[in-house]
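Take a look at these structures.
Look at the two complexes coming up: chain A is in both, with chain B in one and chain C in the other.
Let's turn to the complex of A and B:
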């Protein structure tokens, strides 16, 4: 039985390019990876937002109205619904003046998991404990 | 020998990143390593067949075909590829089509991962 821990680090703003969104969707894909693995093998991701990437965690995104695409907010709700660990850097939120009440949650969809606002030090530890770190 | 998985998100044209990744893959496989390549985002356009190699632009087709012949597994994100108007008959034969979990599964079995982000 083997587990591979991965850290997905989203550091760029959503919508300017596709790449930061792909960080979220690739992390969510852990939910179905078992169909390609041997019995007992698992992949455990942590999805972390730092720098400009923290903007992805804002509520009330209008991506469908403006761009006709699913918002990163909706992808994050999905991430929480599938029990993904989602961490956002407290210091970088503060730099943008974003308070915790502005952060996406998925309570309306019945998710128990919440985005964790943590010091960068905690995200650093996630990266250090991961086998592979993937930057988006 | 080791297993290397390369995830590429950059476009073939407009960036030399995918070109670099393909040549790195060739070097690794020539040294006897097992290599997997995952294409996502703009990189997926690189699997279009019948590319015309104009000398002002990098080309992917001949490199992909050579890598496939050497046993490299190349997989494109199906959703990313279809969104760019490339359907399976338009693609280089031998390229696999799958979803993002393919990449995670290959990472799981790899000794090293090179994740090369996009623009």
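Let's turn to the complex of A and C:
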């Protein structure tokens, strides 16, 4: 049985381009879709936010109301609902003065999983242990 | 020249703004540019806010990103699309988009 670890690293703020959102949706896809895998093979994705990318994790985004597109918040809630590991860089949150209570959660949708606020060192280890590291 | 400059990025715009000369310079923060109005790095406001006395941020773009009017720097006036149209027609002769 082989497990392939993937690290999706979102480093840019959302909405200016589709690119950072693709990081989230691709990670969700790898967490949920098994159709292309051989028997006994697994893929374990981790979704990490660093740099300006951490701004995607703010609560109360109103993208649907204003842009008529799904918000990064909505995609992050979905990620938590499917038990995807979501890590956000502690140092970068602190740099922007963002406290943990301002971070997205999916409690209202019944998710037990939460976004993990971790030192960059932890994200670095996540990248080192992954077979593929994809930046968005 | 009365110049209104739309800033739609969070990075790489301050250097260009330094080169723009206008008797009246307005900086209109839209899209990801609104982060300049609200986000402080290491407790410091964006240096872009030092570039003009006429600073605006679009409320819809703030809301989209989960930012509230109360988090916006006091130097920045929060405006809606209707206010923006008024600015374009009444306050600035030329407009640029960075």
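By definition in this document, the second predicted complex is superposed on the first by the 134 of 136 C-alpha atoms of A that agree within 3 Å, B and C clash if a C-alpha of one lies under 4 Å from a C-alpha of the other, contacts with A are read in each partner's own complex, and residues count from 1 in each chain.
Simple rule for what comes next: a residue touches a chain if its C-beta (ideal position, glycine included) is under 8 Å from a C-beta of that chain, and two chains touch if they have at least 3 such contacts.
Not measured: the values here are computed from a predicted model.
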Is the arrangement of chain B and chain C around the shared chain A a clash or a fit after superposition?
fit
Touch check for A:54: first (chain B), second (chain C), both, or neither?
neither
For A:43 in the superposed arrangement: first (chain B), second (chain C), both or neither?
first
A:24 in the overlay: touching chain B, chain C, both, or neither? Say first, second, both or neither.
neither
To the nearest 10 degrees, chain B and chain C lie apart, as seen from the C-alpha centre of chain A, by 90
Touched partner set for A:32, first chain B, second chain C, both or neither
first
Is A:93 in contact with chain B, with chain C, with both, or with neither (first, second, both, neither)?
neither
Answer with first, second, both or neither: which of chain B and chain C does A:79 touch in the superposed model?
neither
Touching partner for A:132 - first (chain B), second (chain C), both, neither:
first
Of the partners chain B and chain C, which touch A:117 in the superposed model: first, second, both, neither?
neither
Shortest CA-CA distance in Å separating chain B from chain C in the superposed model:
12
Contact residues of chain A, present in both the chain B and the chain C interface
none
If we count contacts the way the header does, which residues on chain A are in touch with chain C in the complex?
13-16, 52, 55, 58-63, 65-67, 71, 73, 95-97, 102
Parts of chain C lying in touch with chain A, wherever the complex brings them together
8-11, 31-32, 35, 39-43, 60-61, 63-68
Spell out the part of chain A that touches chain B in their complex, as residue ranges.
2, 4, 6, 17-19, 22, 25-26, 28-33, 35-37, 41, 43, 45, 132-136
Give every residue of chain B touching chain A within the complex, in rising order.
7, 9, 40-42, 99-105, 107-108, 110, 113, 115, 117-119
